[in-house]
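Structures are listed in the sections that come next.
Look at the two complexes coming up: chain A is in both, with chain B in one and chain C in the other.
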Partner chain A sequence: MSNISKAIEKVDSEEKMAGKAKYINDISYNDMLFAMTLRASESKAKIIKITYPKIPKGYTIVDYNDIPGKNFVKIIYEDMPIFAKKEINYYGEPILLVVGEDKAIISDIINNIHVTYKVQTPSYELKNSVIYYEFEKGKAKEIFKNAKKIIHFDYSTGYQEHVYIEPQGLIGLYEPDKITIIGSMQCPYYIKNAVMQALNSGEKGVRVKQATTGGAFGGKEEFPSLIACQIAVAVLKIKKPIKLIYDREEDMEFTTKRHPSNIKLQAAIGINNEIQAIKAYVALDSGAYIGLSGVVLQRAMIASSGVYTIDNIEVAGDVYETNTVPNGAFRGFGAPQMMFAIEMFINHIASELKLDPFTLRNKYLAKQGDITSTGGKFRDVIIMDEMIKKVMKMSDYKKKYLKYSKKDNYKGIGMSWFLHGCGFTGSGEQKHIKALVKLRKEKNNFVTILVASVDMGQGIQTTLRKIVANILQIPVKKVIYNNPDTDLVPDSGPTVASRTIMIVGGLVAQAAKLLKEQWIDGKEITIAKRYKQPKHIKWDEENLRGDAYPAYSWGVNVVEVVVNPITYQVELIGIWEVYDVGKAIDERIVLGQAEGGVLQGISYGMLEVMKNVNGRIQQKNITDYIIPTSCDSVNIETVFIDNPYLLGPYGAKGAGELTLIGGAPAVALAIENAINRRVTKIPVTPEYIMELIDYGEN
Partner chain B sequence: MVNSYIPKTYKEALNLLAQNELLIIAGGTDLMVKFKSISGLLPKFKKDMLFISHLAELDFIKKEKNSIHIGANVTLEKVLNSKHTHYLLKKALLIMASPAIRNMGTVGGNIVNASPAGDTLPVLYVLNTKIVVESLDNKRIIPIEDFIVGPSKTILKENELVKEIIIEDKSFDYMVFEKIGTRQADAISKISFAAVTNIKNSNISDFRVSFGAVGPRIVREKELEKKVIGVTIDELNGMCNLICDNYSKFITPIDDQRSSAIYRKKVALNLLEEYIKSIK
Partner chain C sequence: MAKIKFTLNGKEINITIDPTARLLDILRDQYGLVGVKEGCGEGECGACAVLINEVIINSCIVPMGTINNKSIVTIEGFSETKRYEVIRKAFEDEGAVQCGFCTPGMIIASESLLNNNPHPTEEEIRIGLSGNLCRCTGYNMIVKAVKTASKRGEGLW
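Showing the complex of A and B:
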């Protein structure tokens, strides 16, 4: 294996294609019971009384009274209860579980439980701010005070639902001194910590094992902790194995989604048509509980100047609570919202000033050594120039853009430039996660990777093995990496934030190098490696100042469309994408991320409509919530340009989230180009295009 | 729990229908969704079931002099692939659902389900389709627009079964089918539109238009169609706005989770206008 990027066979492709992989719903135990959730039928209410039907023998109600520890799902704040006690804050909030052997009887019991509410007035507007952040770079406030010309646009983005292939599901197992949770998840240790708090148990009282996971996209970051706590409480009470699996509709209606956002952007323009300062304000709808919303807001705010270096920036943002289903982690984590807004805005500034957008964007494109929005530094080489040239050549962008801009032919082409900070925001890795990885060389000279990172389809089972095998010069088959089990592996952190290859993979690579030095045939050797933040990275968590990320991945997308002027439908003509992910550990696996990511991003930008009306999600199955089929896609041309990152394994940086971020602005800009109207919200549906053609501004 | 009846013959099916109150199931692509239960449980059918998809007597496609007869059990995929199938019906089937659904779903089922968004319906309406229904002692041949009376409502009686449909086999100088779905496949129509026209000596000799998903029933207005018979192509084009205005009051869509009333109405009329303009 001379070139690490050269694709090898994905280690799990055979068992998955043959249908042999065991997902959580394929696993069962003797005596196993099923659980189903009774949910609130009001958006804001107090529970006055619950009346139960006669509960048959062998069936059990599990509610807040059964929780030995705290009735909160441990994440950042203690705000979301495991089971609602008296207060209902959103339609569908879990009140209790009914557990038993026969799903039909459970369902019958649930249908006959009657909850009496004192109904209160729910809030669906963004009024109740629960988190507020602000920061300033340069002298933005002063400049805005004296600005002669200000350009102002408002942008908004909708919900996005993960539609992971496999819905949420877990099984809980009982042993006298231990509760085990098995299931579909991204973060075994998040679940372990949450369940320990719920059960008021020590480290040894809770074990979490990942089952083969059918997709996650962020949706299995924090949500599984909620159902794990519920199941753990139920198992503790009933002392039998219990399975809780959501049906697709229940999953779509009541699990977390991408935060809808409203983003206001202003630019102070100087006498030479230069951008003197940018002011950004982001409002995120967290739903009924904060969860991770504050961190999502931070990522959105930090991304507020996109790939551009603007010397003066003023950024503020609020997380608003509403009486709707809580929103949470989703691939991109706040960046897709902001990157859509800023990419549209820089083009809208150009059109307001009658400047060529490409020239304006190029003028402010960040270069190595530039200061980031939070006052940190772009320390590494930035190769956006080369990437932009490449994608423009691949897509024939310039010629098409000129042609489509002149003619009213309903054809359009759009180009987005974007970046994504790799790893946790700020000092998250150093202060909160403190990742620990281990490698154990077995007596038979096989090497076991001991990390808590999960493969959810993104290929980490293959890529981490490949890194170790390549460093130790042993066959991939001699590297063992089982689905994580918290009794066996250290806490290497959650499988989120595009951190797994760069941070965990980096530690694994360092451990492998140490192991190589200490290698003795036939002897068991264990190497441990803990994350240390590079010394030059400084972050002030209070004021959001400093280096928000250790490294950045970069991307350029071009999307070409044709809009049907009779039906306002958008047809994709071509997709071109160029990325700098440092170094691809496996070209085919990263290509999978790139093609899936860009399509998920484009689809966020034009197809995926989800709305709540009076707190109720309207699109709750895949007939009504539209994700693209293969017939909706087109040929995608992808290129990776190597730009190795010194601290990543073989130079690798994050790739998973980056690839989603540019799709929405690229397709929105393409549609804008096609219809010659300004697009300010996503998804750009045919209904919205009709409105724009009839009433929009050009 | 419900009982399932699996008759060996068509005759036996009619016999069973004469004696019992049954829900007829062919491919099940609508009923299994409509009555689905939580995963792992049986569907929540409220009546005993009569299974018919295996009945060979209802699985035929025959060409006769001016018509094509399709047995109620013929799967959508088979209809799509038959050399006898009308071009316009093929067009509708080609973008309908997904291969899996087309391999199970039947023409009879698509009609009896009577959804205003049913994909084959606008085409069947403009092709003057007749529905042959039979009971043990009776046979009726009913024009499709009389057979379907509302969303999920037909005049099929408890003891009757749809046996076949008869589609006019006629060629047209102009014909169009458009499905405006939420995506390119596996989508439910926001609007569908079918139209056919014949010209004789530069006059309009036949003109039929239908819309799906823009009201409780498929819209086909024969009185409006009559008004353009005999006019010249130029006159037809001159009447374009008037024709659209006339249709406008019959196009009464709703807002739902898939689209808006205002979009549906505007696009329906755009499609009609575009179609009329295409007749040259």
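Showing the complex of A and C:
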């Protein structure tokens, strides 16, 4: 196995194909009970009284009274209750669980519980700011004060729902001194820590095990902590195994989504048509509780100059609370919103100034050594020039762009340039996560990888094994990786932020190298490795200054479309993508990330509509919320260009999120090119295209 | 309650059952065939697809009363066949499996398509798979897998 990128057989494919892999709903226990959630039917209210029907024997109500610890889900802020006590802050907020043997009887009980509310006035507008950040690079404020010419556009983005095909679900198990949670999840230790706080128990009182997870995309980052706390409390009370599985409607209506955003961008233009400064303002709708919204906002703000080096930038942003379902992590984590806005904006600046957009973008494209938006440095080689040339050749971009710009044939082509900071923002890894990984060489010379990182489809069962096998020069079959179990693995951090291969894989690789040095046949050896921030990376968390990320992955997407001149429906003609992810640990696995990610990004830009009307999500199932089918997808040409990162395993950087980020701006620019009107919001639906054609600006 | 006779993965079954019960629930809960997945419960996603008389159907919207005298094949039954072996290898080689939740349904869809049309064009494959949603792959690796299976399985379908 000399070339790490060469694809090998995916370790877990066979059992998944044969239907033998056990997802959470495929697991059962004797005496197992089921739970369902009673939810608030108001957006903002006080609970006055709850009246119960006669509860049959063997059925139990579990609510806030049963929580031995704090009635908050431990995420970052203590604001989201496990069960609502008196206050209701969004339609659908969980009030209690009904637990019992027969789902039909549980459902009947839920339908006959009457909650009396004192209804209050809900707020759905972005008015109540709960987090505000700002930072400045250079002298942006001064430049804007004296600017002769300012170009200003407003952008907005909608919800996006994850639609992992496997809905959320967990099982809780009882032992006298331990509660075990098994389920579909990204972050076993987030759940463990949340449940410990809810139960007021010590480390040993809670065990969390991941079951095979049917897709996540961020949706199983922090949300499962909520239902894990609920189930843990129920198990503690009832002392039997309890299963909670959401059906699709409950999952769509009441679990986290991508934050809708409003983004205002301004550019101060100098006398030679140069961009002197950019001013960005981002407003995120967090829903009823903050959750991870502050961190999402940071990532959005840091991305405010996209792949461009602008010497003077002023950035501000607010997280607004509204009485709507809380929003949360979703692949890209704030970056897709901002990258859409900045990519449209740089093109809109060019059209305002009557400049060739390609020339303008190229002029500001970041180079190695440039200063980032937060005053850090792009330390590593940037190969965007080569990537852009490659994608333009593959897609015949230039010729098509000129042709479609002149002709009124409803065809268009768009190109997005983007980057993604790999790993946690700022000092997250060093200060908060402090990842620990272990490798244990067994007496039989097999090697077990002990990490808390999960495989949710992205293939780490294979890639982590491959890294270890390759370093130790042993067959992949002799490397063991089991789904994480917090009683057996150390906390290597959550499976998020495109950190698993670069950070966790990097530590695993270091441990494997140490193990190789200490290898003695037939002896058990354990190697532990903890994350240490590279010394040159400095971050000021207060002021958002310094190196926000240790490394960046880069991408270029081209999308070609045809817009139906009668229905304004958009059909994809072709997708071309070139990425720098450092080094692909397994080409076929990373290709899977690239093709799946780009389609998720494109459909975020043109297809996926979710609306909240008076606090209620209108799209409650896959019939209403449209995701692409095989017929909506087209051939995708993908190229990875190696650009190894010194501190990544075999040079690998993050890949999972990057591939989603360029899709929306590329397709929006393609539609703009096709209809010769400015696009300022996504999704670009046929209704919006009609509006633009009738009233829009070109 | 109704008396129903059907074959399940080749075995004859006679049961008395609520004719409105969902086939999906009976397969999973009564026969332990948990390779049949529930993704949406309303016939949209295809994760629960099975073959009924050799044609793909979403088992979440099939009432038991409608399967009298019919043949049901789930992924558990199909995975014992030579055709499965060809599809399995093609899915593996083309990287068609990520989270795997849609995969049993996708394989049933592939079989249903190839059984009806052993040499489908790319467009026919896309149409054949369009009732099965996948959120991970972007579909193309699955489309290629079906193409590859069709080539390698010459004579099997």
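Note that the second predicted complex is superposed on the first by the 698 of 698 C-alpha atoms of A that agree within 3 Å, B and C clash if a C-alpha of one lies under 4 Å from a C-alpha of the other, contacts with A are read in each partner's own complex, and residues count from 1 in each chain.
Just so we're on the same page, a contact is a pair of C-beta atoms (placed from the backbone, for glycine too) under 8 Å apart; a residue touches a chain by one contact, two chains touch by 3 or more.
Nothing here was measured: the structure is a model prediction, and the numbers come from that model.
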Touching partner for A:Ser427 - first (chain B), second (chain C), both, neither: neither
Contacts of A:Met456 with chain B and chain C, given as first, second, both or neither: second
Which of chain B and chain C A:Thr256 touches, first, second, both or neither: neither
When both partners are placed on the shared chain, which of chain B and chain C touches more of chain A: C
Touched partner set for A:Thr60, first chain B, second chain C, both or neither: neither
Which superposed partner A:Met36 touches (first chain B, second chain C, both, neither): first
First (chain B), second (chain C), both or neither touched by A:Thr623: both
First, second, both or neither for A:Glu595, with chain B first and chain C second: second
Which superposed partner A:Asn71 touches (first chain B, second chain C, both, neither): neither
Touching partner for A:Thr567 - first (chain B), second (chain C), both, neither: first
Footprint overlap on chain A, comparing chain B with chain C: 247, 623, 628-631
Touch list for chain B against partner chain A, complex: 37-41, 98, 178, 180, 182-188, 191, 257-260, 262-263, 266-267, 270-271, 274
Residues of chain A that touch chain C when the two form their complex: 7, 9-10, 12-14, 16-23, 25-26, 162-167, 212-217, 247-248, 456-459, 588-589, 591-592, 595-600, 621-623, 627-631, 633, 635-636
Chain A contact footprint on chain C (complex, rising order): 28, 33-42, 44-45, 47, 74-76, 79, 88, 91-92, 95, 97-104, 107, 125-127, 129-143
Residue numbers on chain A that touch chain B, as the complex places them: 36, 103-104, 107, 245, 247, 566-569, 607, 611, 618-619, 623-624, 626, 628-632, 686-687, 690
